[in-house]
Amino acid sequence: MTLAQAPITPELNFECETGNYHTFCPISCVAWLYQKIEDSFFLVIGTKTCGYFLQNAMGVMIFAEPRYAMAELEEGDISAQLNDYNELRRLCEQIKRDRNPSVIVWIGTCTTEIIKMDLEGIAPKLEAEIGIPIVVARANGLDYAFTQGEDTVLASMANRCPKEATTNTEEKEERNGIQKLLNFGKKKEEITATESEYKQHHPLVLFGSLPDPVVTNLTLELKKQGVKIDGWLPAKRYTELPVIEEGYYVAGVNPFLSRTATTLMRRRKCKLIGAPFPIGPDGTRAWIEKICSVLGVETHGLEEREAQIWENLQDYVDLVKGKSVFFMGDNLLEVSLARFLTRCGMKVHEIGIPYMDKRYQKAELDFLAQTCQEMGVTMPTIVEKPDNYNQLQRIKELQPDLVITGMAHANPLEARGISTKWSVEFTFAQIHGFTNARDVLELVTRPLRRNNNLKDLGWNQLVKS
Amino acid sequence: MTLAQAPITPELNFECETGNYHTFCPISCVAWLYQKIEDSFFLVIGTKTCGYFLQNAMGVMIFAEPRYAMAELEEGDISAQLNDYNELRRLCEQIKRDRNPSVIVWIGTCTTEIIKMDLEGIAPKLEAEIGIPIVVARANGLDYAFTQGEDTVLASMANRCPKEATTNTEEKEERNGIQKLLNFGKKKEEITATESEYKQHHPLVLFGSLPDPVVTNLTLELKKQGVKIDGWLPAKRYTELPVIEEGYYVAGVNPFLSRTATTLMRRRKCKLIGAPFPIGPDGTRAWIEKICSVLGVETHGLEEREAQIWENLQDYVDLVKGKSVFFMGDNLLEVSLARFLTRCGMKVHEIGIPYMDKRYQKAELDFLAQTCQEMGVTMPTIVEKPDNYNQLQRIKELQPDLVITGMAHANPLEARGISTKWSVEFTFAQIHGFTNARDVLELVTRPLRRNNNLKDLGWNQLVKS
Amino acid sequence: MKLAYWMYAGPAHIGTLRIASSFKNVHAIMHAPLGDDYFNVMRSMLERERNFTPVTTSVVDRNVLARGSQEKVIDNIVRKDGEENPDLIVLTPTCTSSILQEDLENFVSRAQLNSQGDVILADVNHYRYNELQAADRTLAQIVKFYLEKGAKKGTVNQEKTANPSVNIIGISTLGFHHNHDCRELKKLMADLGIEINMIIPDKASVQDLQNLPRAWFNFIPYRELGLMAAEHLQREYGMPYVDITPMGVVETARCIREIAKVINQQGGNVDYEEFIEHQTMEVSEAAWFSRSIDCQNLTGKKAVVFGDNTHAVAMTKILVREMGINVVLAGTYCKYDEAWFRKELEPFCDNILISEDNGEIANAIAKLEPSAIFGTQMERHVGKRLGIPCGVIAAPIHIQNFPIGYKPFLGYEGTNQITDLVYNSFTLGMEDHLLEIFGGHDTKEVITKGISADSDLNWTKEAQAELNKVPGFVRGKVKRNTEKFARERNFDQITLEVMYAAKESVGA
Amino acid sequence: MKLAYWMYAGPAHIGTLRIASSFKNVHAIMHAPLGDDYFNVMRSMLERERNFTPVTTSVVDRNVLARGSQEKVIDNIVRKDGEENPDLIVLTPTCTSSILQEDLENFVSRAQLNSQGDVILADVNHYRYNELQAADRTLAQIVKFYLEKGAKKGTVNQEKTANPSVNIIGISTLGFHHNHDCRELKKLMADLGIEINMIIPDKASVQDLQNLPRAWFNFIPYRELGLMAAEHLQREYGMPYVDITPMGVVETARCIREIAKVINQQGGNVDYEEFIEHQTMEVSEAAWFSRSIDCQNLTGKKAVVFGDNTHAVAMTKILVREMGINVVLAGTYCKYDEAWFRKELEPFCDNILISEDNGEIANAIAKLEPSAIFGTQMERHVGKRLGIPCGVIAAPIHIQNFPIGYKPFLGYEGTNQITDLVYNSFTLGMEDHLLEIFGGHDTKEVITKGISADSDLNWTKEAQAELNKVPGFVRGKVKRNTEKFARERNFDQITLEVMYAAKESVGA
């Protein structure tokens, strides 16, 4: 790893529990990735259990014509009476016929792991036969939690990024959708002028799936510092995957992408910029600073920009200051959120988290420790693979002002007078960068504002204790 | 009147009762006339009572942006503290500003009659002042019933029809919307060819507001006989009102247009073709035959056409044959419908009717008498200005298979096991001509089909008798 | 004259007829021209009433006008008296016939001479009062008539019932959900151990009106209908009344506590606190809903409320106090009772609008762009045009306000029904919330509100492209907020940078 | 493998968990990988449940796979037994973990040794049975377990109650409107003078299951859940059961008459005819609605029905027999019970479709173009795309099937709710009927269904113009009917004349 700065020794307390906790299945990632990659089709190879999950808990199968489906394994598939290759060919041919995507992503599940279905072996043959790239991602619950599903897909896709920039300019232009957008409608000389706004630096590719407006936003923030992004993994279209050459710098935008980071470093020989994640004004500034510092670009006006954003957040910060928060652990965004909320003046009791890659999250963990020090609060405990039952006992004792939790526990906690916020909302909301910092607090303060609105009702517990 | 055929002496029995009966207010006509005349605006000058009627009973004010409104008379208007001219000018100027219609139709009401508001006096002055034609129709409930509202409007509009064909061909073409439609897309020589499909005859103008598809349909039926329609009153646009010259032949399509007929004869010196109305295959054939005979055009294939329509109706005719029907009286279509249903084999107990112009309806009455004779049934009693209470006693005694009635009595009759059909549906449905004959029976048979469907339920009375 | 496309309250005679035809065995004679009698259609069609509406029109036509209507009106009254033997015949003109300035009182006196039943003229000025006021007046008039009649004969029964009892005043035909509310109120009173002495005018016999004073108190669920009668009964017979509408958990509790007070003041000994606690926490799901995650997502959303006084006031209080929703505008068309409305709602909402002009309300809604509307059928149509969901909470009535399934607005089941209405209005179920958190990817089905007319500002192509990425259902709002921001700062071009600056500044 | 975009019934473990978590003080242990535990989310969010769902996952991860799961599963069972003292712990795998082919029976026996409560393994094949079948089996298994246990100890209570009594079997958490149906059934039984002995599994204690035989009969409102238990009770304890779903006035009457028969056969003496008559004519508005003018307008309209066996069969019968609507297609996704479905509905509808493939149903609907659909959430979405209204009558469940307001499908209030559903689905209130009779003049707001892909036929400009005059909501149908007519007669051009001829011929 390329860490430019000497680490502060964190005095964080790490624990690990039983892992009897609730979180969404990693196959969830199809819900946002199929939207992000507009020419893709996702095929989840699993059981009725997987399909019913996508349909219900994610509530998304009801929408018109999603570009994903289940390859539902039936008794014959499990007992290996049927030939996996033929079955998958039949389904993929149908998908090609009906939708003709640029790529089919196979999402392996626990079941394909257990029956040892050789997806990696089958894919190249079938790809050659039907003429559509097939990317295989083992987004199974045996090895991964919720958001890590995206990590498995991006790690797999990293291997498909072109190795050399094509010389054809037109094609290159098409390849880089964002750049095109930013230059849209400008004449060639104007583009050259725009190019000159950038500093000279090594190529930089960012990884992590973000909604398009957030991509534009972060791209603009870096552009303000003269940093040009050479590509995003994933891009809006599979056919626009960024060129990645040996020695390129890469930086992640999300804490759950450690496998993708590793793949980019080991397989594509990229240099990883280890930075806190661009969540909250503090995180965004640190992320930009770190990138600039590694690329040798001097920053300007970042401190003022951060200060101005904090000013805009003041009304919400006033609401959370002095309040306490407990993360039950769900989406691996917990450390970044805890760090931002600590900076806002909250006290963090516990950071439950499904999985902790201390190397990939090192800069964020250091930043958390530093923030706690600066804010004069005690270091929270980080509980990996938490035990929900034990956590509920601790919550009962601690009576935090806010619990950030999965969907299964929110209503029962509310009925007991404990305010909650769904962790999953942070996964889907636009929370990255300076501009969106307010949206994070919009979510965090909602239960607190609700409590204010309803405080005269005379009740907040709805079960007999 | 120009009656080519000697009348059969009808042995019909006419009665007149108290007039304590329910029917819609004649201002109802705005509901269909504003749609028919696409560049019009209707202003109903009346009270809250009138406005609430349009809003509720007609259920139409809820729709987006109707081209009609109330000029609601307030206490100051009633007590004549306010100047009618100024008030109406204020409203019409607003209408002109907001909608800019080609014509504003003032619908006078009972109230304008009682307070003797001089609409006919005010209109020409205001028309000159604001530069939009203002047509005044006294569609009040003191003098008229339900559908007669249309009669008052058309009679008033008849006076606005141009007296001479303009020489400018282009303008003429625009004037005649239907003709244009029929020739649409054809080249000039083709039009000439089309013209030659018509026989030579005196100009003919039809009056009565029908939905556009029905207009096209009747136009085509006459074209088949070589008869060309020179115009319709009303046309689709006020600016396309037909030219009416002295001596033109005119024919009505509805039984409630006696005032319009009189106006055309007396004021515009037209010759009225008195025919049964084109409702049912029998009526449509008689109507066409009469028109052709008066215009001196020989008909061809009409008998076969009627027979073929009857054949298409057979399944519905089987359902009504031998059943009895009672008209409580509502929309003045009663005689035409009774005649058609008699021809279908029904027995008609009583024809309640709000108003009976025996001269204008003469051909229809004769045809009814003739039909009764031919079908071997007794002549029904025609009760003008019926008394609903008395009618209900007679219905209780007669137990007809079907009562055609206004909306106020349908549910209570149904609750007593008497099948009903809303008379108002015949006003709004497309019932004229050969093609639509089935639609009439679709409506008439619906309660009978309902009875068939539900006959196994074991109940048909829902009040204790 | 007033240019009107729509009206909220009907004409006076509708109010009178609603009262007359609610009573059992009362007949109304309308002295009016042909076509003014659509009350019968409304009752028959909207209430799906099995019986003939007991209203007969004595038709005024040109001949009657010429001759004078006295004879015809009297004939029709006497005839109806003979045909149906009603206890009472109520004569009413309409806006139209009231202009004739005939001596209808005299017609009535004359008709009374030959009638077995009572005959009265509904005493209402048809140009000063609307449907609601006329109904209130007619009900008070009939109550007064029979109590005075009874007083003369000494038959008014003033002995209080042994157990606490109530008269429920104001349940009427063609009232907004009155039938279901009445069933719920009967259940509530039974739960509270309160006997029902009378319910008027719904299905009540006028002969029984002299038993009204037997009840311990009168209960007026709707402010618009019954207050005049209650005040008369208080004045003449010292009967207290409760006029708190039991709509929403908070107001229902307040209403029940007021009832307890009134009963205990008369020597009763009731304590309903445990009942209120149990109903609030266990029977009604509304209190729990307000704490649940579903409701949390509604926190701070903007709503507009418009209706009659009773429902607009109660609904605003529920939205604000019980659900944490921000009512940016509350309004009523009950102009005649404006002061009460203002007093009740001033602490609860940003703006108040008192108006009978639907155009004014429509414009306010378009400008405020709330997330949901709670109004009448008219506001529902406005909402449809603007792509804003609307829950219907008040008359003018419509066939949809006469559901066959049980849907009260009052009492504890009412709180459940209202919760569904609110929840479904705001989010159309979980669906829309999911759409929102998933970034509105199902954009094909989302109602898009047309972006307002071309602005004077220049959007760069990039900014326009960015705007198009915003989900349809908030795009208009983002656009307007951005433009407002740009105008305030005198930018004439909207770039990506301006868009983000606007977002940072106003949370657009 | 099956390419699936949607499924109607969930996997087996959902059925097992619905039963386990419906009982009081029963805990389930799911032996499954992370992420398979979304049952807890569904229960918490859809039911807005205030309590924690009593289901704990014993997580299978890579380590567990390597070491074997026995120790972890047993530890988790024993731990939960200690933490919550449940009467019963039910162990279930999911589709995934069931492939491991571990000896779970042995795990359970081992865990039982160290547990105070009972421990059982839900005995279900996860690849052969779906949610509905698994729920039926698990309920029967638990009933059998406790009756056998009681039989061994001699504690099964077989003494019949003094008065007629019933066990209602099949009310479960996450069931389609089960909570409201249950309330309505309790009311119905009370009205019939029948005591409720037990309701299972909803909030029942497993310890009380040995009192089941005290009831005079068992009642199975839903065919999908409870029949196996009822059959066991009939076989072992000679208890008769009634399995007629009381949905709609006709079937409710038939159900009540069957109950009377069962009671009278056991020495009771009940006659419910008067009750049925009163409820049908006065309490339910459904019978009256079927005669009313509103319903007359539905006569002969085309509908498609699709759902589980219980609701699809009952709904089809209601539409056909009680409302005179033409059900052109009725279907079910309960393939395993196909024979019963066909037998029940063959006399009532034109076509029957048995399928679990939502694409097949969607295509059938698109082809048949009914005026309304009564189906599941999936059909509702199909309807949305096609512009055809859809009333939801069956699971899969959705937040909208857990309304807070009272909305049963069963019993007499159920008939009212269903009437509203039908009426609103067909006409969206009076509005659309008015639109139709007024010639659809408000075309701006009418949902238009896109006309099908370009045809091989040539429409003249006049005919095209004429077609455009047809209101949007029937235009597609007119177009297709006209083209069908033209094709059959080998016309390659559609003129005005052809259009009218088509209308005369096929009533297009």
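Order of writing sets the labels: A, B, C and D. Residues in every chain begin at 1.
In this section, a residue touches a chain if its C-beta (ideal position, glycine included) is under 8 Å from a C-beta of that chain, and two chains touch if they have at least 3 such contacts.
Everything numeric in this text was worked out from a predicted model, so none of it was measured.
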item	value
A-C or B-C, whichever has more C-beta pairs in contact	B-C
Intercentroid distance (Cα basis), chain D paired with chain B, Å	50
Interchain centroid distance [CA atoms averaged], chain B/chain C, Å	38
Chain A-chain B separation of Cα centroids, rounded to whole Å	68
Multi-partner residues of chain A (at least 2 other chains)	62-64, 407, 410-411, 415, 462
Residues within chain D bordering two or more other chains	45, 48, 50, 288, 292-293, 430, 445
Chain-level touch network, classified as line, ring, star, complete or other	other
All touching chain pairs, where touch follows the definition stated at the start	A-C, A-D, B-C, B-D, C-D
Contacting residues of chain C [partner chain D, same complex]	45, 48, 50, 285-286, 288-289, 292-294, 384, 398-400, 403-407, 413, 416-417, 419-420, 423-424, 429-430, 445
Chain B - residues contacting chain D, complex	31-32, 35, 59-60, 62-64, 181-182, 184-185, 211-213, 216-217, 220, 308-309, 312, 407, 410-411, 414-415, 420, 422, 424-425, 428-430, 434-435, 438, 442, 446-447, 449-450, 452-454, 456-457, 459-460, 462
Residues of chain C defined as touching chain B within the complex	1-7, 10-14, 33-38, 40-42, 44-45, 48-53, 56-62, 65, 76, 83, 94-96, 99-100, 126-128, 130, 377-378, 381, 385, 396
Chain B partner contacts - residues on chain D that touch it in the complex	250, 280-281, 287-288, 290-293, 295-297, 299-300, 320-324, 430-431, 434, 437-439, 441-442, 444-445, 460-462, 465-466, 469-470, 496-497, 500, 503-505, 507
Chain B residues within the chain C interface of the complex	18-28, 45-49, 51-53, 55-57, 61-64, 66, 69-75, 77-78, 82, 87-88, 90-91, 94-95, 109-111, 114-115, 140-146, 354, 389, 392, 406-412, 415, 462-463
